[in-house]
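Both complexes shown next keep chain A, but they swap its partner, so chain B is in the first and chain C is in the second.
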Partner chain A sequence: MKKLFLLTLAVCLVACWWITGSPVIAQAKTVKIGAIYPLTGGAAAAGRELKAGAELSAKIANNMMPGLDMDMAKNAGIKSLGGAKIKLIFKDHQANPTLGADLAKKLILDDKVDGMLGCYHSSVTKTVSAVCEQYGVPMINGTSTSPALTTRGFKWFWRTTPHDKWFTKDLFELLKGLTQGKVKGVKAVPEKEISNLASACEKTEWGSHVSSIIKSLAKEYGFNLRKSLLYTAKAPDLSSEVRSLKAARPDVMLFASYTSDAILLVKTLKAQKAKPKIIWGQDAGFEKPEFRSTLRDSIVGILTRTVFLPKVAQIKKVAGQVNALYKGKTGNDLGGASARAFTGVQTWVHILEKAGSTKPADIQRAANAIRIPGDQLVVPWAGIQFTPSGDELGQNVLGSGLIGQYQMVDGKLVLEIIYPFDVATADMIFPFKWF
Partner chain B sequence: MEALSSALDFSDFPRLDMIIAGVLGGLLVIFPATPHSAFAMATMIQFLMFSLYGMGWNTIGGYGGQVDLGKAQYVGIGAFTTAVLMVRWDVPFWVSMPIGVCFAVIWSFIIGYPLFRLKGHYFAIATIATSLVLKDIFEVWDFVGAACGIEISPIKYNPPDFLHLIFKEDIYYYYVILGFFFLGILYVNWFRKSRLGFQLRSIKDNEEVAKSLGINVHWAKIKTYAIATSFVSVVGSFHACYIKNIEPEDTMSLDISILIALMAMLGGAGSLWGPIIGAGVLIPLKSYLKEWLGARAGLIGIDLIVYGAIIMLVSAVEPRGIWGIVEKVRRRKRN
Partner chain C sequence: MDILVSSLFAGLLIGMVLAMVALGLTIIFGVMEIVNFAHGEFLMVGMYTGLLTAQATGMEPLLTLPVAAAAGFLLGIICYFGFVKFVIRGPMVAQLLGTFGLMIFLRNLALLFFGAEDRAIHQGILVGKSFNIGMGVIAPATKLAAAALSVIAFWAVWLVINRTKIGKALTATSLNPQGARYMGISTERMNALAWGIGGGTVTIAGALLVNFWSVNPFIGLLFTMIAFAIVALGGFGSVSGAFFAGLAVGVITEIPGIWDFLTYIFNFGWMADVPMTSLKYMWVYLAYFVIMIVRPRGLFGWKR
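Let's turn to the complex of A and B:
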């Protein structure tokens, strides 16, 4: 009887060990990542892109996809975590920093997420990252570009995207290149022809930072910034702002706008027959599918900075593969927002793989030591490596930007790469054909 | 002492009202001890904040009948005073908050004097204009961080820091704002029975008659406007410490002004409980509709439609708000 009891006990113990420790059960584990994006409101178009990009990345991470040339697609789930799946929990911040902070608390305390992703609007990223910092929850930011975000000394915040100082510098390098004859298809332009600038930026954290960077870089590169104004992205009418810009008679007009205001700005510029030689948008609204579909051929010649263009697929195989999947899912090509959201989730996967644990301290160590090679990414960067110390704590130092120009090719509106000069895919249209 | 006993005297309310208010007040006190989610806690803090905003608005808008749609400027003054003093000179919340109130009151006198020469819609439009102008000034004023605003760095303080009001857990914020909430109720209860409260109601009923009775109408409005301003400024200071990052576009937006007026009007302007009922209905409704319809059911944007429809429905049924419906039912029962 005693032997039977001991045997039963042993069987039970083995069964318990098998149940709790077996790979079958470990595979059922999920890693929860909270993703806070603007899913409604003025930036809802961007929110949809971000969500689709992040979802596609999670899908690739959770399933084996042998046709894709990236490590993430070779395993079904996080290998070092026994095949744990990535589960994204989406929340809508409506571009409201207060709401963003509340949602971050909900995700951390109620949903018990292992990490955070988001938030597109730099102002919201600021409040959400402050909550994460207080609770010691790791946050990867893939799409907010205000330089101030990585100067706060936060230890639980990492940013994959390059920030606006780099992007705006690219613009001034392009302008300088124009005067030196470096731009494909354009003879050297006399300096005085493009020396006068005017800028209009939306006035939250992101736009106001872009505005001040434009001011300082204009001075550094010797350009004359005749007008610099801030406007509210929710404004129903921007005619007085455009009149003010026109009155400055600039050669180059620079904008930092979200989707609805970018569309409104270009419509108003067209209505008022503005005649700049160059129009440049700091990504965001200027790159959204809605911007293209609403304004159609009137945007031919407009420049936008970005981190991803479908043309990247020509120089990067993996980008083409992922773009095909994304297009099949949404009907649109990957854009700057979706490609960076994709990369944000991908960075999470690599960090978790390296950490082999979901403990915040292990994730922190892994994030500070991670190096993702450029050939793994859809974006044309040299890779992802975060600064573990210094003034820009948690900033990816291997990122870079592109400047694209809307051009009509075979009756289709496409974004051609204009900068960097060595990867330009088409001749630049200069000057901008007036509306 | 007389003012205190007047503030504590609710005997003019029906016994049933007092029982319900007492039970709900008790529930508010014990709420953190009950099982709750972090989202519910954040919603409760928002409810208490907007109740206080609404109570302030109710003094001038409800009892005085002056529709003020510019309260966000005082949220901004309170929030920025606290944030600037804390970030630049490490001034504790309990010092910066009254300084913020002083600035807000001074500003209310400066703009209140010319503004109260206007009446009706003109006054409402003028309050919107002053609020937007002040927001524009803050957006280009580098001393207060301009359009980027100011961030109170959470890593600079060791929570719980009761002096600077920096906490990690929301329960501390909850009890601080709950304290202000009860003080606010007592103050408004005193105010409605005070000389100024009666003057204001007579102004609302008929300004010319009020003047003929010897009431200095202009001065009474300005004084009440300053009282309303103080409420909003205190909550603005609290908001700065709670959110830790404030920028004019968010803190001083027209949306905040409209929401403050909407809470009080929907709950029942001109009654003690109206703004609390308004905030108690609208804040959870907004938060949970978003959570249930927007996040869980994936019906993004539908929550806003349902929210708008409910506001329209209440306004159509009873323009005096939810408290108006309660009074209507009571009158019917009496008859």
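Let's turn to the complex of A and C:
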């Protein structure tokens, strides 16, 4: 009788341990990821793209999709977590860093999320990642490009996208390439014809960093930055800024703007009859569908840096497959924001698969050791691998950027790849044929 | 030189519209001595009215002025009879807090109906067109039209106030309400009319502004501050003062352009690094501050 009692007790204890402590059963059937994006306000258009990209990625991760050439599509859910599904909990930060931090606390304390994703605006990513760091919650950032975000030594923050220093360097390489005759369809341009630059960047975390990077790279590459100004984001009027830029008589105008500002800037440049030879936007607003649909053929010839163009879908099979799904869902092609939000969730899936657990320490170990091959990604990168130490802790070192140019092909506005030179898909329009 | 001339020209153009923005505030203050903190929100209503009417009917945006004026006039009258009439019996602080509450109410109502997104007019006969009028001055067609219509509307309101019986009754009410009552003027109606004209003029300004300025529910605060500065500069209650102060404030917002001109003349590197465009409204508030200290009744003010 005593033996039977002990046996029953042992069985009960094992059962209790199994129920409460086993890594498989302890994981709920869902892994909750908080996704904080700008779903309303000036960047709502970007927010819609980000949300759609992230949702599509979660859908692929949660369902078996045999026709898709990526590991994430081969299982229904996270295999190492017993098929646990990814559940994204979206919150709207309205481009407000304080609100972002409050939402992050709410997600961590009330919704008990296992990890975080977001936030697009670097200023919001800064405060949200600080909250995650405080609570020891892992955060993957797919779309914020201020270089400062990965120089803070945060242990719970990983960024998949390349940052603005790399992107801006691409621009200066393109300008240098123009003077050396490396650009497809353009004969070598005399240096003095494109030596004068002027920049206008919005003055939150992201834009002010881009502005200072432009300053230092212009110096490094020997260009003359005649005017560099910062303006208030979501500005209702930018005429005095545009007049100031115009007065500098620049050959090249550089911008870092979110959607509503980018549209207003181009409209004002057009109204003021500004005539630069090159207009370049640091992604964000310059790449959004609203930018194209509002300004239509006025933007032919404008350059934007990006990490994804529909043209990538033609040269990368998996990108084409995902793009078809995304287009079916939203009616638009994947863009820089949606492709990177997609990649953000995909990175979460790979990390969770590797960690086999939702414990923060296991996720941290897995993230620091992860290596996702480039052929798994929709973005044209060599892969994803984070620096586990050093000055840029948590930065993906295998990312890269593209520079696209709006061109009219068969009556349709498309973004053609201009840089890197070896994957250029069209001749560059130079100089910019004004409005 | 181009930058100097084009900045001054742009300053005068926007100044004419800003004068129209401030007109309603100065009329309401002149007649009732009440400061309307919700003035910028009235402007926002005008901007949304112009924008939505143009979008819904396909009408040329500049032709929506009568609709905006009617909406503003009605809004002013409703606010007076539904709210101001009662608040005015209380102490000054109750009036201030009351119109402050009205500001928050209107802003949140707009947020509820229209969301926080910026909206702008992208279609119209004049949208995107501009004229090169020499000396490096490029004048956007929408701004030219808005400035011209502002001057016409301003002049019309000035005529009503100075050349009609109703205008004289309004002036009498503002000078001495009790005396006006003894003369058989219904001061209550005059107060309501002041709110109606105040609302109507600022919504006209809103419908003009929305042709080249995007709108969101939070746009009002900026214009409330600018309108206060104009009214303080021109003199509380002075209609002609508001016009000239509007022009002055328009030119003050173009100080960054004047600074650029000086930068290129003197060619000092440090001058190019001063973030003048970020500070353009600071000069307006500074002017407000200085005028409050040096001449509290403003340049043309008669109220003491």
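One rule holds in what follows: the second predicted complex is superposed on the first by the 407 of 435 C-alpha atoms of A that agree within 3 Å, B and C clash if a C-alpha of one lies under 4 Å from a C-alpha of the other, contacts with A are read in each partner's own complex, and residues count from 1 in each chain.
Methods note: a residue touches a chain if its C-beta (ideal position, glycine included) is under 8 Å from a C-beta of that chain, and two chains touch if they have at least 3 such contacts.
Source: prediction; values computed, not measured.
Overlaying the two complexes via chain A brings chain B and chain C into a clash.
In the superposed pair of complexes, A:271 makes contact with chain C only, with no contact to chain B. By the touch criterion defined above, A:240 reaches chain C but does not reach chain B.
In the overlay built on the shared chain, the residue A:204 is in contact with chain B alone; chain C does not reach it.
In the superposition on chain A, contact is made by A:40 with both chain B and chain C.
Of the two partner chains, chain B and chain C are each touched by A:230. In the superposed model, A:121 makes contact with neither chain B nor chain C. With both structures placed on the common chain, the touch criterion links A:105 to chain B but leaves chain C unconnected. In the superposition on chain A, A:260 makes contact with chain C only, while chain B stays out of contact range.
With both structures placed on the common chain, the touch criterion links A:159 to neither chain B nor chain C. Chain A uses residues 40, 44, 203, 230, 232 to touch chain B in one structure and chain C in the other.
The residues of chain A lying in touch with chain C in their complex are 40-42, 44, 94, 203, 226-227, 229-232, 234, 236-237, 239-241, 243-244, 246-248, 260, 263-264, 267, 270-273, 294, 298, 435. Listed in rising order, the residues of chain A touching chain B in the complex are 39-40, 44, 90-92, 96-98, 101-102, 105-106, 108-110, 123, 126-127, 130, 133-135, 146, 148, 152-155, 203-205, 207-209, 230, 232.
Residues of chain B touching chain A in their complex: 37-39, 41-43, 46, 139-140, 146-149, 151, 153-155, 159, 168, 170, 239, 243-245, 247-250, 287, 290, 294-295, 300-301, 304.
Across the complex, chain A is touched by residues 2-3, 6-7, 10, 115-118, 120, 122, 128-130, 132, 138, 140, 142, 212-216, 219, 222, 253-254, 256-257, 260-261, 264, 272, 275-278, 280 of chain C.
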